[in-house]
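Before anything else, here is the set of structures, which you'll find just below.
Note that subunit A is present in both complexes that follow, paired respectively with subunit B and with subunit C.
Our next item is the complex of A and B:
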């Protein structure tokens, strides 16, 4: 078992590294395939006020006078040594831009994750234990959540809570209350698939014989839910963690824009409008790193959480 | 054998006959089809639904609240918001359709090749799909559209590319499932070749799950394209994609209908599409 697990872990880790590197290459190709030479266009923009020397230095740094494949290798080499290059808009190191924006997005994403889990558990509990008609309504909530665009949720929350009820102001987007509403905006689409998985899993578990035995022992439904049903239903949700992280990262672009927060999403948006390729490349490949790492942890953890998960199948899949 | 013949299959017979006697799909599904039909008509023949122009307005009646004349109110140039929504349908919905087609065709081809050929091709394509999945879908779409240029058609292409991976995964799984089925082996024994197995057995079996995913993906694509338009990555005004309408409406705090009307149209459409997808999945 242990040597099996070790081999499984090493194989998965190796695959993860390969996927990250290929994601970097894919992003690079997509960004640099663009028609026109965006980097030099931006650099030669007179508003930029760069001297000819500066331009030459930057051109040499990115290898812009050389073929795409050389640029790719240079760029990949820098990425591997942790060097992310410089922003074309502000000339600041990309690592600093990302580092400055990261805490805000982390706060937002973590709060959103917690809220999403709470929403999902409440919905799943309601779907299981509310009387017939109400349960049916609760069961349709996830598909409703999935049909509302992120930006609409955000605008509605701002309209009601900021403009009508004055719970927070959009001029101070980092206040706790504003952060809470931004997190709710981001959490709603994330909670939907989570709730669907939990509902399906709870339906399955509560029909099992052990649940029947527990009921016959006189456990109330609430105790049964808390003590017996939550844990086995949590396992399939762990498998969704990577998906959720992707949703949180993608959704932060919209949410941060609406609420005026300065985070990774705003960095992406500015990089897109300013054709700031190094920043875009860095943020996208770093999100791939996060996504792959979370996926890897979930994969490595699942055989430990549930001994029934077969290692070989996981390696093959 | 007797065990498998028992309860579950009897239950299947029960639901099948119930379905036959029930005849019509549930009322919510019929409503959903009506909504989708209306949206399709809006995109094909918008002029039948409104007499107002989507581009020129009467500035004297700007930012008017919804009324009998202007169902969704008017915007800052006095343009009828309902007309803007109706005329914006074509690009909002067509682009989602384009996105689904791209994801469906490319993804299915990858999945088919992967599952059918197996071996090294499967490994290579499998890693490619892993890589596509590793970049969060919306970010991938944003990067592609920024690389291709800010146009609605490019937003559609970007959304389609980010959907390739899910279609490839599903198609591969379907091929693997059917490929090893006894009746496919039997068709080989009878002298059928691979092409015959593909056209005669694998595709007809896979089509139902792929259809369900395609419908679901249509709803998702409407949302993604609306989000891209909202960020300003689609056609610029005076185009009136639904997401763009919400974005330009949010500047006018005193005229919330400019946001709510297109937002409700988006939600209604996607909700209907998702309901149809769920019905198709269950009816399987």
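Our next item is the complex of A and C:
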């Protein structure tokens, strides 16, 4: 079992490295295809009044006049030695830009994840145990959550809680209350697929014989839910959570924009519009690392939640 | 069965749970105050803090590369000074330069500096520091990635030297009438020579930007907030602003909120004092609620199109003139903008002293436009679009992404030109895409360019002296060559003004430039309690004189 685990973990780690490198290279190539470059786009603003020659001299300083393949190799060389370089837009070290934005994103993503899980559990519980009509209504909540655009939720929450009730100020987006509302905004669409998966698993588990037996032996529904149904039903949801983390990292840009938070989503958005290659490459690689790591953890956790889940390698052996 | 499992109880428990959740949200929601706005007093008071909302400072703080003409310029203007001040009417007045002399037919200049001016690190703003700045503006240093200042008269710049601690002599190889005016341009901010000597990566740190302005950087977090505090020893503001001594406000906090509607609502709800750029459509209702909306005009070119005379179909003068007369600018002003916008009278903004009144040469007249095209052999087909020699009269317009509302403008223009048989396709791009559009030299390119001196115009019209050749004429139009040379080499303002008149008339009649309206690129939504915000000739709000009414 341990050597299987080791081999499994090593294979996964190897795959992870390849994924991260591919992400780095692909990001570079995608940006190179776009018209212009970070420096030209800034300096070509007609307001600067710079001539094409003036601009080209500065572009050359940043090495952006070299062939794409040379630029790629240079950038890859930097990356492999752990050097993330400097932003082409702001000239700040990429590590500082990412480092500044990360805490805000982690706070938001973690709170949103917790809230999403709470929403999903409450919805799934309601769908399971409310009488027919109510259960049907609760069951439709996930589709409703998915169909309301994120920015609408955010703007409504801001309008009501910030501007009418004054429970937080939009100028201090990192305060606990402002963070809570930003997290709710982000959690609502994220909780929908989670709730749907949980509802489906609960439906499945509560029809199993052991549930019937438990009920016949006089267990209350609440005890049955808490002691017997939650654990097996959680399995698909854990896999789902791993997928959701990606959405929390990358999909937070709208929430960040509306709540005025500076986070990874915003950094990505700025880097894309400004064609800021070094920043974008760093963030995409970082996201790849997080994504791969979370999925790895989810894979490794599965056998612990349900002994029936075996490692694929072991089955194959 | 226990009572827990009765459907009724389960439902109530569930709803009670939900209720508890929302109640706790409401409890957390308590707190927060409403600011009351008494706007009676007119005597300025010292002290207080304001919050200024802006959509972002994405291009950073390397002074030669920052978007000093848009967002970042708001902050630069508070932490730095210039040698010369320019007001909204384009009038120049002393600032750090106490006086100046124009010698030798505007080829030599002597600048006398105020004494006692210091950078925020205590070092003097003396002649040596000013020379270091002049050299950086004129030449930049491409080996260090430092760009020159675009509008500085570099091509004929010879040297700048300190003759004593407060005197600088600047020489040009040919007359440079625009030099003094350029010193008031937003690119020409005075920075400590130590800052200028830093590598660009170090200059990216805003706290390394040492200026001599009324405010200094207290703290900053990229992409989030930037706190400035006043310099207590500041005493060299422009006399034109009518205030001496330090700024009245204690601090200005620039806070990034990307969403325009949230910025506006935040100021309206009293949680912030100023917001940069609001939707023009909202101006009337905001004013009705007592808010100030500043719509300053900068000195420069109007919002409009530079026309490529080499591209189809604008290589035909008839087409250029038909577009010139086929656009109903009044309708654009009424539909897209508010009464705060002014009609164009020529292709330069009305506050430039040399701007003339040439509205007739681009007056809306659909009949005239149709006749010009008929006479030139462009015939209308079944689809109501004209064609000639089998080619449809059409081109693509790309709204200028640097100016809000240009998309709405260009949509309207497409409808208007359809009526004279010209087919206009729209292609909307972002800033990155716009650079590519410019490089492709389209028939019509929507431009926005500020300048402080009308001499700048000479640098864009033709390809003479490395000019920008906006119209693709090269040096083929002899009359334009002569006029532009006359402007560039003029050594007195009166004769230059006459030439400028002739030039404006000619450019408009030839359809080289198609003006739309006077450009407002920056809008400021200001709380009623903030008083005495002033705007310079570059349309930037200056908070040196601003104060908060109790």
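Please note the rule applied: the second predicted complex is superposed on the first by the 274 of 317 C-alpha atoms of A that agree within 3 Å, B and C clash if a C-alpha of one lies under 4 Å from a C-alpha of the other, contacts with A are read in each partner's own complex, and residues count from 1 in each chain.
The working rule: contacts are C-beta pairs under 8 Å (C-beta built on N, C-alpha and C of every residue); 3 or more make two chains touch, one makes a residue touch a chain.
Not measured: the values here are computed from a predicted model.
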item: Contacts of A:191 with subunit B and subunit C, given as first, second, both or neither; value: neither
item: First (subunit B), second (subunit C), both or neither touched by A:275; value: both
item: A:27 touches, of subunit B and subunit C: first, second, both or neither?; value: first
item: Partner chain(s) touched by A:206 [first = subunit B, second = subunit C, both, neither]; value: neither
item: Which of subunit B and subunit C A:267 touches, first, second, both or neither; value: second
item: Partner chain(s) touched by A:177 [first = subunit B, second = subunit C, both, neither]; value: second
item: Touched partner set for A:129, first subunit B, second subunit C, both or neither; value: second
item: First (subunit B), second (subunit C), both or neither touched by A:92; value: second
item: First, second, both or neither for A:155, with subunit B first and subunit C second; value: both
item: Residues on subunit A lying within both footprints (that of subunit B and that of subunit C); value: 34-35, 155, 159, 163, 257, 273, 275
item: Parts of subunit B lying in touch with subunit A, wherever the complex brings them together; value: 127-128, 130-132, 134-140, 142-144, 146-149, 219, 223, 226-227, 230-233, 243, 246-247, 250, 253, 256, 259, 263, 266-267, 270-271, 274-275, 278
item: Subunit A residues touching subunit C - in the complex, by the definition given at the top; value: 34-36, 39-51, 53-55, 57-58, 60-62, 86-87, 89-93, 96-97, 100-101, 122, 125-126, 129-131, 134, 155, 158-159, 161-163, 165-171, 177, 180, 220-222, 257-258, 260, 262, 266-267, 270, 273-275
item: In the complex, subunit C residues that touch subunit A; value: 2, 4-5, 7-8, 10-11, 14, 17-18, 25-26, 28-34, 51, 53, 56, 58-62, 65, 67, 69-70, 140, 142-148, 150-151, 187, 200-201, 203-205, 221-224, 253, 255-259, 261-262, 265-266, 268-269, 271-272, 402, 430-436, 438, 447-451, 456, 466, 468
item: Of subunit A, residues touching subunit B in the complex; value: 15, 18-20, 22-23, 26-27, 30-31, 33-35, 143-144, 146-152, 155-156, 159, 163, 245-247, 249-251, 253-254, 257, 268-269, 272-273, 275, 280, 283-284, 287-288, 291-292, 295
